[in-house]
Amino acid sequence: MGDNKLDFEQPLIELEEKINELTEFMETKDIDLTDEVDRLKNRADTVREEIFANLEPWQILEIARHPERPTVLEYTQMMCDEFIELHGDRNFSDDKALVGGIGKLGDEAVTIIGHQKGKTTKENIKRNFGMAHPEGYRKALRLMKQAEKFDRPIISLINTPGAYPGIGAEERGQAEAIARNMREMIDLTVPIIIVVIGEGGSGGALGIGVGDKILMLEYSYYSVCSPEACAAILWEDSDQAETAAEALKLTAKDLLELDIIDDIIAEPPGGAHRDYERSAKLLKEEILKEIKQLQQLSQDELLELRYNKFRKMGQIKE
Amino acid sequence: MGDNKLDFEQPLIELEEKINELTEFMETKDIDLTDEVDRLKNRADTVREEIFANLEPWQILEIARHPERPTVLEYTQMMCDEFIELHGDRNFSDDKALVGGIGKLGDEAVTIIGHQKGKTTKENIKRNFGMAHPEGYRKALRLMKQAEKFDRPIISLINTPGAYPGIGAEERGQAEAIARNMREMIDLTVPIIIVVIGEGGSGGALGIGVGDKILMLEYSYYSVCSPEACAAILWEDSDQAETAAEALKLTAKDLLELDIIDDIIAEPPGGAHRDYERSAKLLKEEILKEIKQLQQLSQDELLELRYNKFRKMGQIKE
Amino acid sequence: MLKDFFSSKSKYVTVETKKRTKNRDEETNEQKRKKEMPDDLWTKCDECEEIIFNKKLAENLKVCPECDYHFRLTATERISLLVDNEDDFEEYDGDLEAGNPLDFPNYEDKIKKYQEKTDLKEAVLTGVGKVNGYEVSLVALDYRFLMGSMNSVVGEKITRAIERAIELELPLIIVAGGGGGARMYEGMLSLMQMAKTSAALKKLDDAGQLFISIVTDPTFGGISASFASLGDINIGEAGAKVGFAGPRVIKQTINKELPDNFQTSEFLQKNGMIDKVVERKELKDLLGKLLDIHNVRGDDNGGQ
Amino acid sequence: MLKDFFSSKSKYVTVETKKRTKNRDEETNEQKRKKEMPDDLWTKCDECEEIIFNKKLAENLKVCPECDYHFRLTATERISLLVDNEDDFEEYDGDLEAGNPLDFPNYEDKIKKYQEKTDLKEAVLTGVGKVNGYEVSLVALDYRFLMGSMNSVVGEKITRAIERAIELELPLIIVAGGGGGARMYEGMLSLMQMAKTSAALKKLDDAGQLFISIVTDPTFGGISASFASLGDINIGEAGAKVGFAGPRVIKQTINKELPDNFQTSEFLQKNGMIDKVVERKELKDLLGKLLDIHNVRGDDNGGQ
């Protein structure tokens, strides 16, 4: 885990270190401390449960941003028997911050797109920290239209702090690319499952975020703007980000209550980064379940339900 | 006309100069030379007819490339009551070498696209000498899809030495842009009239060259490659371009015989650059005639005829 | 003729002496930075700092006669500028008001304040009117109301205006004047208005109907990244600041100065995103020609 | 297993000692510049100049074992590489021959010469075969025949292969290996083959069928600017030179040196035009997986 410990995990991490110490001591000194270790393990489980049952929005956001959180290409490799990444927007470039490809999820041929982050600094620079340029959104649209042609369900995995704010991005029409994607996604004739797997950063997320089901991993967030930006604008003080995170209602639980999302996908104890295989399994099962359900619908039903889903979003004074 | 005289027009130009001299002389000196002037004018008409009735392919090519030949935006202004140029490919840029817009041709709302050349060196640099980049072809496609949406006939005016051979053009997919346009144009549900108004340079021309009717102005050319390039490749001697121009069968007359084009549009005596208004009038009449005919067809008939037109192109040993 | 729209008697026009601030990023602090003018008779141009009599400014459609700087228009001024006859303009959904779905601190107070300030219930004005003889579904945002940001009400009103265009078979014209993006006080409910409006535009598109998007100063964020970019024809008012990310955010991110002309209508035309940049005084005439070419439900004379 | 396709007994394989020239622009002078090797046992790598035994080169699918340089394959070699069983490959239209519709000087002689040289009637080989258990309509161009340029016959054969795919509901795979563009000896009749093949591909697309385009060294001009760019999935063989305009023309036009890696498969992937660059030895396996995901008419076991 290196230096990537989260503050609020401190009591848990101390316990885990103690357990490791005792186990090692037991093995090297040949003294039986099984009872003590077991007791500590139980204690750790309890502490973990307590911590993760009562996370503040800001703490959830820290897990969502955890540098060791599984990435899209890690999920595709774990979930699919074969996954072939396909490159390029047929236009300008191949955006490495927004990837996509085709593969088999169980017996189901699917197209998967998503924001790709890196694990190391070097990877993150290559992946532009998961912040896509217009060509990323255009590649995603190309692959989704391809999926439509071949009648493949689309899985869109969101994990971005936001669309990249830069000169080239403005020149090449970041706004246009995101807007067009939303307009086109509403009408694609195949099931579209959206899952926020980490950060759901504003328009950059929504640019691949229109679909039949919107799911969120337990410790992910989805927000109209970053809490830091919100705090800076409202209170001219980005240190108030924790307060903003609270006010913005950006957690999966809040958004389920607000009818923005359809379901929450559980993560392994301690978060997805603690158990990659299990995270991928939980994600895959949920996605397959949703696909199967959506495949029961006729094309007209599918599109009507998808339209109505977004049509009714918003709350107005009665 | 400045320095833009063509060699083979020399006898004609000398006659015209003589006529001007005499007219001026007559006016300033108050001497009646009307008979002499009339005789010279008749002579000029005969000479013009002789020259232009027996042009070599190379000479036609020189007229087609004449720097004062009317450009697309000049034709649109002359032919349409209102013409509004629309810019951009919604993607990367606005290519000034391939323009387009909407207007009314008579009572008919139309979309017009075409390669735009300049008249002056400065204009030609701005217009890249009518050599489009991929974004030009993509803008054209956008405008054609827009025309399809609003059920407007499309008029495509070809006038390019070829698609631009440069680094940016390769990076942004010149080949892809041209190929995609051809594939999409075959299926647009509105009438498409193609007119080669000057140079029809290879793939750069064909990138906006798929339609229901392919017409050529009398002194335009359409070729698989420039005669200069052909001569350089075949005989390693670009001075043999005139021979190549002959061999390539690139004139309107040749291409009508080869069933590549459907009709030839007459130009005013001496070529389009000698009488802009009349050129525009002839072009407009012919286009409107074709549109009216094509509008008689059902959509299915239109698309089937268009497909078959290209399907049967080519000649194979029997 | 167009000048009349800005006569002081106009129902939809209130020529204000309040000046816009140059930099949209500092817009929220507008109040503080306002330089008070001696009285209500003149306005100092933000661009060239020339003092202009308000009467003259109104006659010139709020374009600086010295430097051609286009002052921002309110939604009512914009409607007045575009419609043939203000009295015929039928407003819809004018009473829709924001709730506070997130219980966001101080949101209700803000709404109340801007309602008083602008005499509007929300940041957008929608309705049906005639433009050069053509009946159209018209939408205009108002930059004064929380920067013209999009919340549930704004998204809903725009969506209904799109649906109205479909139902009545009218062309749609949206003037994205004042685009503060998705309004954060309603969180994800605001963000999703981007998807909602874009989805509705797909239906309009499928119906084969015309949508002309006009971007004016300022159009950013969730406004530009949804309906404002999706016109069959996108028009930009001369000099308008338009973009996705705010210039300050970009400057911070890339740690470089931004190029001249960056994120203007002209910049967007050069980069292929806008069909045509127009001066304000030519806007209505251009719309008339476009509607004429698309020949949609015009009067017989088809003109003003 | 793949190695067997290049065994000397193979019907569709003739491993030649003739080396390709590095620069496609000088290709027409190939004959002159050929350095004669002492005998038919070895080949000098164009890239690293290593001497490689032909047997070893064939075993390595004509990829240099030293530097990974991919030698060009003939159409027959390419078919052998891709199909499961050469004997099952059914060639179509193998007898179609070029006329001389323009009466172009010396064209007939050229055709005759290349027919003798290549043992093909024209620059393309088309047919139906099985790839990893999946029946596909297959097309391979041959660079040796007038640079694999497209004339009436090549356009016609490719169009028929596309129509065959539609009729038999097969996926289509075209290997654009050797792309001399539109063949000038047939003038506009050649150019129009670009439109013809692209139009046929639209029909395939409308039918919802799969088209995998594979570009190999060299693919330029009218070949790249038509069918070769229109795959649902575009694959590039590693290191292949691919582009629209020839590098010499570009250099002359812009009067600058061209960047490293310019107009290669890798360059095209970086620029968003190619889905995936593969080594030759991985090509068939990749095709198998793609066909499997698209699940088209496979044997039950779906594998090799």
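Per-chain residue numbering starts at 1, and chain names A, B, C and D are given in the order in which the chains are listed.
Keep this in mind: contacts are C-beta pairs under 8 Å (C-beta built on N, C-alpha and C of every residue); 3 or more make two chains touch, one makes a residue touch a chain.
Everything numeric here is computed off the predicted structure, so don't read it as measured data.
A.B. asks: Return the chain pair with more inter-chain C-beta contacts, choosing between A-C and B-C.
C.D. replies: Here the pair linked by more C-beta pairs in contact is A-C.
A.B. asks: Compare the contact pairs of A-D with those of each option in B-C, B-D or A-C, and report the one where over half match by residue number.
C.D. replies: Over half of the A-D contact pairs recur in B-C.
A.B. asks: Starting from the mean Cα coordinates of chain B and chain D, work out the distance between those two points in Å.
C.D. replies: Averaging C-alpha atoms per chain gives centres 35 Å apart.
A.B. asks: Can you check how far apart chain B and chain C are, centre to centre, with Cα atoms defining each centre and the answer in Å?
C.D. replies: 42
A.B. asks: Round to the nearest whole Å and give the separation of the Cα centres of chain C and chain D.
C.D. replies: Chain centres of chain C and chain D, defined by C-alpha means, are spaced 55 Å apart.
A.B. asks: Hey, what residues on chain C touch two or more of the other chains?
C.D. replies: Where chain C meets two or more other chains at a single residue, that happens at 205, 271-273.
A.B. asks: When you check chain B against every other chain, which residues touch at least two of them?
C.D. replies: In chain B, 90-92, 172-173, 176, 180 touch at least two other chains.
A.B. asks: Report the residues of chain A in contact with chain D in the complex, numbered from low to high.
C.D. replies: Residue positions touching the partner: 82, 84-94, 102-104, 109, 135, 139, 146, 149-151.
A.B. asks: Show which residues of chain C lie in contact with chain B when the two form their complex.
C.D. replies: Residue list for chain C touching chain B: 205, 208, 210, 232-233, 269-276, 286, 289-290, 292-295.
A.B. asks: Please name which positions on chain D make contact with chain B in the complex.
C.D. replies: Against chain B, chain D makes touches at 28, 96-99, 101-102, 104-105, 151-153, 155-156, 159, 182-184, 186-196, 198-203, 205-206, 221-222, 224-230, 243-246, 249-250, 253-254, 256, 258-259, 262-263, 267, 271-273.
A.B. asks: Could you list, by residue number, the parts of chain B that touch chain A in their complex?
C.D. replies: 90-92, 138, 172-173, 176, 180
A.B. asks: Can you list the chain B residues touching chain D in their complex?
C.D. replies: These residues of chain B touch chain D: 163-167, 169-176, 178-180, 182-184, 186-187, 202-203, 206-207, 209-210, 222-225, 229-230, 233-234, 247-250, 255, 258, 260, 307, 310-311, 313-318.
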